[in-house]
Amino acid sequence: MGKRVGFIGLGAMGNPMSKNLLKAGFDLTVWNRTESKMKEIVELGAKSAHSAKEVAQNSEVTITMLTAPSDVEQVILQKDGVLEGLKPGAAVIDMSTISPEVSKRIASNVANTGTYMLDAPVSGSIGTAAMAALTILVGGEKKVFENHKDVLAGLGKNIFYIGLNGMGCYVKLVSNAIMGTHMAVLAEAMCLGAKAGVSMDTMVEALKSTVAASRILDLKNPNILNGDYKAQFMLKLLFKDLGLALEAAANGSIPMPIVGLVRQVYAEAIAAGRGDDDFSAVAALAEKLSNVSLKK
Amino acid sequence: MGKRVGFIGLGAMGNPMSKNLLKAGFDLTVWNRTESKMKEIVELGAKSAHSAKEVAQNSEVTITMLTAPSDVEQVILQKDGVLEGLKPGAAVIDMSTISPEVSKRIASNVANTGTYMLDAPVSGSIGTAAMAALTILVGGEKKVFENHKDVLAGLGKNIFYIGLNGMGCYVKLVSNAIMGTHMAVLAEAMCLGAKAGVSMDTMVEALKSTVAASRILDLKNPNILNGDYKAQFMLKLLFKDLGLALEAAANGSIPMPIVGLVRQVYAEAIAAGRGDDDFSAVAALAEKLSNVSLKK
Amino acid sequence: MGKRVGFIGLGAMGNPMSKNLLKAGFDLTVWNRTESKMKEIVELGAKSAHSAKEVAQNSEVTITMLTAPSDVEQVILQKDGVLEGLKPGAAVIDMSTISPEVSKRIASNVANTGTYMLDAPVSGSIGTAAMAALTILVGGEKKVFENHKDVLAGLGKNIFYIGLNGMGCYVKLVSNAIMGTHMAVLAEAMCLGAKAGVSMDTMVEALKSTVAASRILDLKNPNILNGDYKAQFMLKLLFKDLGLALEAAANGSIPMPIVGLVRQVYAEAIAAGRGDDDFSAVAALAEKLSNVSLKK
Amino acid sequence: MGKRVGFIGLGAMGNPMSKNLLKAGFDLTVWNRTESKMKEIVELGAKSAHSAKEVAQNSEVTITMLTAPSDVEQVILQKDGVLEGLKPGAAVIDMSTISPEVSKRIASNVANTGTYMLDAPVSGSIGTAAMAALTILVGGEKKVFENHKDVLAGLGKNIFYIGLNGMGCYVKLVSNAIMGTHMAVLAEAMCLGAKAGVSMDTMVEALKSTVAASRILDLKNPNILNGDYKAQFMLKLLFKDLGLALEAAANGSIPMPIVGLVRQVYAEAIAAGRGDDDFSAVAALAEKLSNVSLKK
């Protein structure tokens, strides 16, 4: 059988990611705080563990895919956590989007025990995860990265070694700060065209051909034109990530005026009840604030 | 010989555009307020006129490519202007980026005389203009657009009929509002990665693979990484366009908080002496405000 | 009888101001584009004229109190305007809030004819105007200011000679940029307290005692706590003034990021139907965006 | 002798506050992590303790005046902390500016032991503290507030009972969000007047008479006009407080676009080396960004 891999955190992203590891032939052990979420993956061939520690004991490399920085810290460092289970030379790869400072602090604790950590946050949505087409941004020792690149290759297509521990997180926050702004300004600006009576289909096609073109325009214009905001990436999670970016910026004395404002635009969308929708639902807020429809 | 085409405004964009019309075989008459700028084009085969009116008298279709809305208004509507010279059935195509309201007002004056006007602002830089690869956004009567599409095809690759008079201008302003924000947030966010010590080349390659990807990232990352801000599109002209977008928005009761802020970021770049540089020089401002270098 | 004074523009502010000039004993001639608005003032003792020119012919000093810069330009400079009627040595005092550049251009035209102009915009609302308690900010030649200070003293309590032509306008725009921001941030911040369950009366009393105290807090807290937004100064006029401030800033290469954003917050309030309400109705927008009530 | 009062945290604010408690006749016990800071206060008559616990053991009411929320949590709740020393019925009053959520969590821990906690953050600077003229915003049980109002009266002039635990913190953050914006927009807007050539003294006097008047204008104009930014309240601490306000707002789904931007303006000032100066040094940033001088 294949390499022994652990996976902790079977949420909206972790579910398709763990399935892809099974498809790729890895010998998978999983654990999730809410037990019921393990059932589907176990039926597909994974072993289940009773704790994060037990996952690590069974694995050469253990992946964590969680939401909050505090969750990651707890699952890796606290009692019955990954660190207690990791064997000498084994590694934990945290693929959550967390603050670089927290990631570096965990990595430093892990390194003290003779085991290894990578931060490897991903760019992409639930759909991209399902197609094993995530972009993966890796920080940590290059040797450890090389050792476990085969596992990451089961999850994503474009895998970048960024640099030292924490640097994967930094580039992920840079990426989300840019992406969140692209989405919010697209919504805001399209309202000006809509008010002028421009056909939405025409405007989108034209914009794709101008220097305003972006992946967000390609990916999200169907959501806007159909008013369909089923979550691929929840707006409240982007709001969280923008907060992490701003705190990392504060710690590094980097001013981010545009992102500082954009985060509050998403706060308006959350207050308007859009937190659990896709982050492109910021367009629904823009429609409301502008009294126009962006639907085709 | 080919169709008789007039061209008024031989500035940074008008120069390569008029050359492309000659290459495409049109019978070209030109006029420029500063006479010396006509010499090069005349030596390549164009006729020179003594006024905007004379250009229009000699042409089936007359193109204007100027900077300020007031310039366009004057060159078309005032004494010895285009409108005095246009023969019945002839058309003027304004390819400047001006406010939709002014464009519609001029179009309405033109229509009253039995001649025609299109607004056809372009997306692209001096380089794109030179390659006849501009994106052209056209507002006005569809019949007039069809009649003169051959001329536009000599200037650009992607030509979109947007709708009624003024709508070309609206989509152009939407495009520049988005593009200007993309550039400014890219600069701001990259500083966070730079401060963390991420290699600039690596960050750019990684971002291209994430949902933060954009045409601006593709086009402008060499400027940022080399600190080379030779103008393809002057920062102060983008600042002007963002002002036009905000005034069009004000007239249509469309709030644009992000663009309202972004325009002031460019104002900071102008105050820092970057008005005549390429608009990507907003990255030099970000470097200064953040005490980091984005150069590779 | 008193000095012969002309008054043009009998709107919401001009009405109480012209009455105060009568009360102060001046020999008043009035004109208003909408004739019916002259009736009340004429019944109180003013003479009516048939044009701006006729007002100026009858007056040692003529006051204009209008809305848009273009109105002021037209009423003073165009046919049958003030300038045609002004006798040698007479003066026009424009008390409208207009752009300094326009004001200086008009002043320069006036000066060329051997007559004088002051810009003298006011701070205060309809209520302050009625009590002859306006603050008046004066630009122009000091001698002219001294000559006509008696007239201004009939309209306001605090009269400041600021400096050269246009400087009254600059300080007025500075004042409105600050005031508009004070109002908008007060609304935004009070929502945080309201959400926490703090009593509105208590919060207002406490804030008055902190370094967050301001005249706007003193003047506008009753509007907020009662949800009463009857216009003392219409929100759409403040939006206009913030636009004038930003354009003056653009012309002087002064970045104004906060004001750039704040203007768009008022744009949101206008889009929400609050343009004709008092500008403190930006608090009603904040309530809506935050899902809280600021009413006591 | 008077009531037995404890004081923990003898920094820039705690130093004058503890002196005022001695002057008011209270029987004072102090403790500070950096021991040397106790010397001056002990020489004036206070007793020194060896731990926060020992302070609380000796006191009917113990005051904490610290910087970060984590400091307060540690000093009150951890080993050898205040809670271990508090006798039944005794109280701790935290006068630091911390997040309301943290304050409520501490208060809830304290309440579980049969002792009491008030949050009582202050508005005012080092100078105001020295004059015992602070404004104090109190959250917690009213009975506890009434019992220890005598102690607060030794520290401040305007003492407000706001409501339940945490509400003092909320109003403090509301106040600092407003104040921080007042300061930043004053700096930004004054640059417009300065560029126009208006005398700074004249502008300040005029603004005081308009609806742009504020306590910040009264307090800070001398700093701006003299370019003297000796800290009364350090800019980096205001930056911290604005961060606390935004996180409290995020937790309550209250959007704060203006404050979101203003915090980043202070981030720019920190990056420009102004973090340890008075927060009015944001005016020095504005001068640099605008190429004008605000000095008289």
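As written, the chain order gives the labels A, B, C and D, with residue 1 at the start of each chain.
Convention: a residue touches a chain if its C-beta (ideal position, glycine included) is under 8 Å from a C-beta of that chain, and two chains touch if they have at least 3 such contacts.
Owing to the predicted nature of the structure, the values given are computational and were not obtained by experimental measurement.
Engineer: Counting one step per pair of touching chains, how far is chain D from chain B at the shortest?
Structural biologist: Steps on the shortest route: 1.
Engineer: Which chain is most remote from chain D in terms of Cα centres?
Structural biologist: Ranked by distance of C-alpha centres from chain D, the top chain is B.
Engineer: So what's the Cα centroid distance for chain C and chain D, whole Å?
Structural biologist: For chain C versus chain D, the centre distance works out to 37 Å.
Engineer: Spell out, as numbers or ranges, the residues of chain B touching 2 or more other chains.
Structural biologist: 249, 253-257, 259, 261, 265, 268, 271, 289-291
Engineer: Can you name the residues of chain D that touch chain C in the complex?
Structural biologist: Touching chain C from chain D are residues 100, 123-125, 135, 137, 158, 160-164, 166-167, 170-171, 173-179, 181-182, 184-186, 188-193, 195-199, 202-203, 205-207, 209-216, 219, 245, 248-249, 252-259, 261-262, 265, 289-292.
Engineer: Which residues of chain D touch chain A in their complex?
Structural biologist: Result: residues 239, 243, 247, 249-250, 253-257, 259-261, 263-265, 267-268, 270-271, 275 of chain D touch chain A.
Engineer: Which of the residues in chain D come into contact with chain B in the complex?
Structural biologist: Residues 257, 261, 268, 271-272, 289-291 of chain D touch chain B in their complex.
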